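Structure below; questions to follow.
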Amino acid sequence: MSKYIELKRECYEANMRLPELDLVIFTFGNVSAVDRSEGVFAIKPSGVPYDVLKPEDIVIVDFDNNIVEGTMRPSSDTKTHALLYKTWKDLGGICHTHSTYAVAWAQAGRDVPIFGTTHADHLTQNIPCTEILPDHMIQGDYEHETGNLIINTFMERGFEPSEVEMVLVKNHGPFAWGKNAEKSVYNSAVLEALCKMAQLTLDINPDAPELKQSLKEKHYYRKHGKGAYYGQ
Amino acid sequence: MSKYIELKRECYEANMRLPELDLVIFTFGNVSAVDRSEGVFAIKPSGVPYDVLKPEDIVIVDFDNNIVEGTMRPSSDTKTHALLYKTWKDLGGICHTHSTYAVAWAQAGRDVPIFGTTHADHLTQNIPCTEILPDHMIQGDYEHETGNLIINTFMERGFEPSEVEMVLVKNHGPFAWGKNAEKSVYNSAVLEALCKMAQLTLDINPDAPELKQSLKEKHYYRKHGKGAYYGQ
Amino acid sequence: MSKYIELKRECYEANMRLPELDLVIFTFGNVSAVDRSEGVFAIKPSGVPYDVLKPEDIVIVDFDNNIVEGTMRPSSDTKTHALLYKTWKDLGGICHTHSTYAVAWAQAGRDVPIFGTTHADHLTQNIPCTEILPDHMIQGDYEHETGNLIINTFMERGFEPSEVEMVLVKNHGPFAWGKNAEKSVYNSAVLEALCKMAQLTLDINPDAPELKQSLKEKHYYRKHGKGAYYGQ
Amino acid sequence: MSKYIELKRECYEANMRLPELDLVIFTFGNVSAVDRSEGVFAIKPSGVPYDVLKPEDIVIVDFDNNIVEGTMRPSSDTKTHALLYKTWKDLGGICHTHSTYAVAWAQAGRDVPIFGTTHADHLTQNIPCTEILPDHMIQGDYEHETGNLIINTFMERGFEPSEVEMVLVKNHGPFAWGKNAEKSVYNSAVLEALCKMAQLTLDINPDAPELKQSLKEKHYYRKHGKGAYYGQ
């Protein structure tokens, strides 16, 4: 019997939340869950619709993209997940979708401005949108380079992946992560909500200002860090 | 056995309406219900998702923010609820959400203009959007000051909370209230609908005029007050 | 036993379609069904939410607004229904909602342009938006005058209610009708869809032209009239 | 017993996906499935709502529009389907809807620009919007000419129907196709999603540039053709 049954189950259940939360149609997304002690992660197989996906279909892969267990091909975005896990040691789960409003911002090529406390409850920065990869990287090891693109964007901006748990890959779509797979899906849903709210905010007031610093900090730190008083 | 079982039940059921009415995802909202004779209110615990919330999780708090009964931490917005109950004696329930269109107007920092009779059926004023708190209040007793901000906004505008049962807190989101918790949820749903209609109205006609006075009054007073002929 | 059981049932079932079709929340709408041989119509009672509405709650009213049967108060829009039935002899059902996109166009005060064949499948005219009633009519017999407003709008434009089965009352919302109550609900849902499509069309192309005459006629007459070849 | 039972079943099931995927209301769409060996296709009957449609209602028609089997009238768009099957030998299924965002682009009369990889996963071209038929063709054999309009649009642009599996008929709405009926429905849902994403993209950034060539090709060819590594 596989020693990855629990990991596959976690990955499967997180994937099944995507259609429930209206974040995907058909096969437009994938979630992975990591087991740091084993040095592997579980990820959705490529091209399998959610309504036929089973826990045993989940593929186990190591951080160098070797298939450790599974008969199906892993998600075509696997190399992006692998590099993020390898580089950022605190990630427990990663979620990639093509959710509508997040894709629209990624296609618009704009950071999502922090307009309110819904955003500040989750991060104090504008949600970053990457640049586009140069052609030789697209034609080369594309999904691996997409991982590098995300990591470099965070380095250039001085962002910590534990504080900014989401990104828009320009002209592509969102990636989000968290301490586990479920939290990465949560962050994907929050991102989609923030993107819709921001689009409507600009529609109502094209000159809407960003949230002021004191409110950013108040809302973020009442949910995160030592002085947090939100939740249990 | 707790003497607040009925109050907790009322509060629980009103909270459970929020996901049904698509007004919240995850933990993005809270409803409270007051018992004036006991000088307490029941409120959702902080950080508990709706799909696992149980009636016995509801926390009982007095108007000075002391926990009277309950093992969980009350909603982080509890002090805002407490001050509104303490100041406005007719409130029976309060509802706070981060519903999409209401947040967009709050982030846009604009009052919602009264464009039609759907709005006038519920209030004759534009839906007020507050100012932003000064930094020292944000860094101080923030949730209590948010209550003051709402109350001061109504005083400055000469609004009665019994006639205008909803407000947008700038860069944050909506609060609504009513004679009981269920009615506060109803008003939150009406507010969200009005915000969506107003956004679309401006999208179709940026110069759309406000409703004229005679229609405001006709629709409001056929549902409210002595001459009302709407409903039973 | 009431002789209006069948009529009440038709009216009840048509009303219950409104929440199913996402055309109403709470009590934001009403449908009526007429019995021409008895000179009466059945209409939703005022202020009753759809989830508790029962067939026996439906009220029977004649064309002069007298209650013929029923213990509840009929919809506050009853006089509008009555006058439309009395004036336009072919109407079998009338539906009034506050559906989101139709209200937005009514609040924008604009006719809905005929931009495509979805619209032309149902009518060859722009969907008319009325003017606003003068103050003395609003303060007088308001709901009756709303009926007159609709009828006068059709007279001024030379529209036949059998060919244009829907209207927007300015700053209020849509009324639709048809050969029976079910068809009036169908037309209300079509109207809402056309209003959403038209808003998006203008959003994508503010200079989108109206459909040309030959296409208007082709689509309308393949569904309506002698040469129709759509449907059974 | 009919020899077309399997074909009718395929057609029926594909049609029933349309309301599930929110691509139609009432009778606003139709799907067909072809049997090349028999030289016939199965298509939805005209004017039958989805909630009463049965597999045995499906009509069998040949490529010259003769009814081969069935008691109901085939969809009024049958001649468009027939001509596409007759001309493009690889089509296995065709789907026509009046889905909201696709209709909005068709009414706006604009090609849908390729803004991102969601689009490029399915086609490397902007989604073409046809011209309008001249009046004499509208007044003549309209549905047959609509088929010609689609085919001519592809010829003028040098598009292959196997590579661009969707089109917008100006002022009307979308047609999509694929290797079978189910795939044509899939493409209709993808088209609707792309149309919504593109509308929002322009709303956020009216100057959003098209996807660059290297990304178009990377995404398309990782799912299609010899070097594909997406799916099983």
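Here the chain labels run A, B, C and D in written order, and each chain numbers its own residues starting at 1.
What we mean here is this: a residue touches a chain if its C-beta (ideal position, glycine included) is under 8 Å from a C-beta of that chain, and two chains touch if they have at least 3 such contacts.
Here the structure is a predicted model, which is why all the values come from computation and not from measurement.
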Legend entry - Chains in simultaneous contact with chain B and chain D: A, C
Legend entry - Interface residue overlap between copies chain B and chain C, same or different (over half shared): different
Legend entry - Turn needed to bring chain C onto chain D - CA fit, degrees, nearest 5: 90
Legend entry - Euclidean distance of C-alpha centroids - chain A vs chain B, Å: 33
Inset, instruction - For chain A and chain C, let me know how many angstrom lie between their CA-based centres, rounded off. - result: 46
Inset, instruction - Hunt down the residues of chain D that sit against at least two other chains at once, touch-wise. - result: 203
Legend entry - Chain contact topology (line, ring, star, complete or other): ring
Legend entry - Chains grouped in pairs wherever the two touch, ordered by label: A-B, A-D, B-C, C-D
Legend entry - chain D contact footprint on chain A (complex, rising order): 25-28, 45-48, 72-73, 76, 98, 100-101, 103-110, 132-133, 135, 138-139, 142, 171-173, 199, 202-203
Legend entry - chain D to chain A touching residues, read off their complex: 21, 115-118, 186, 189-190, 193, 196-198, 200-201, 203-205, 208-209, 211-212, 214-215, 218, 222, 229-232
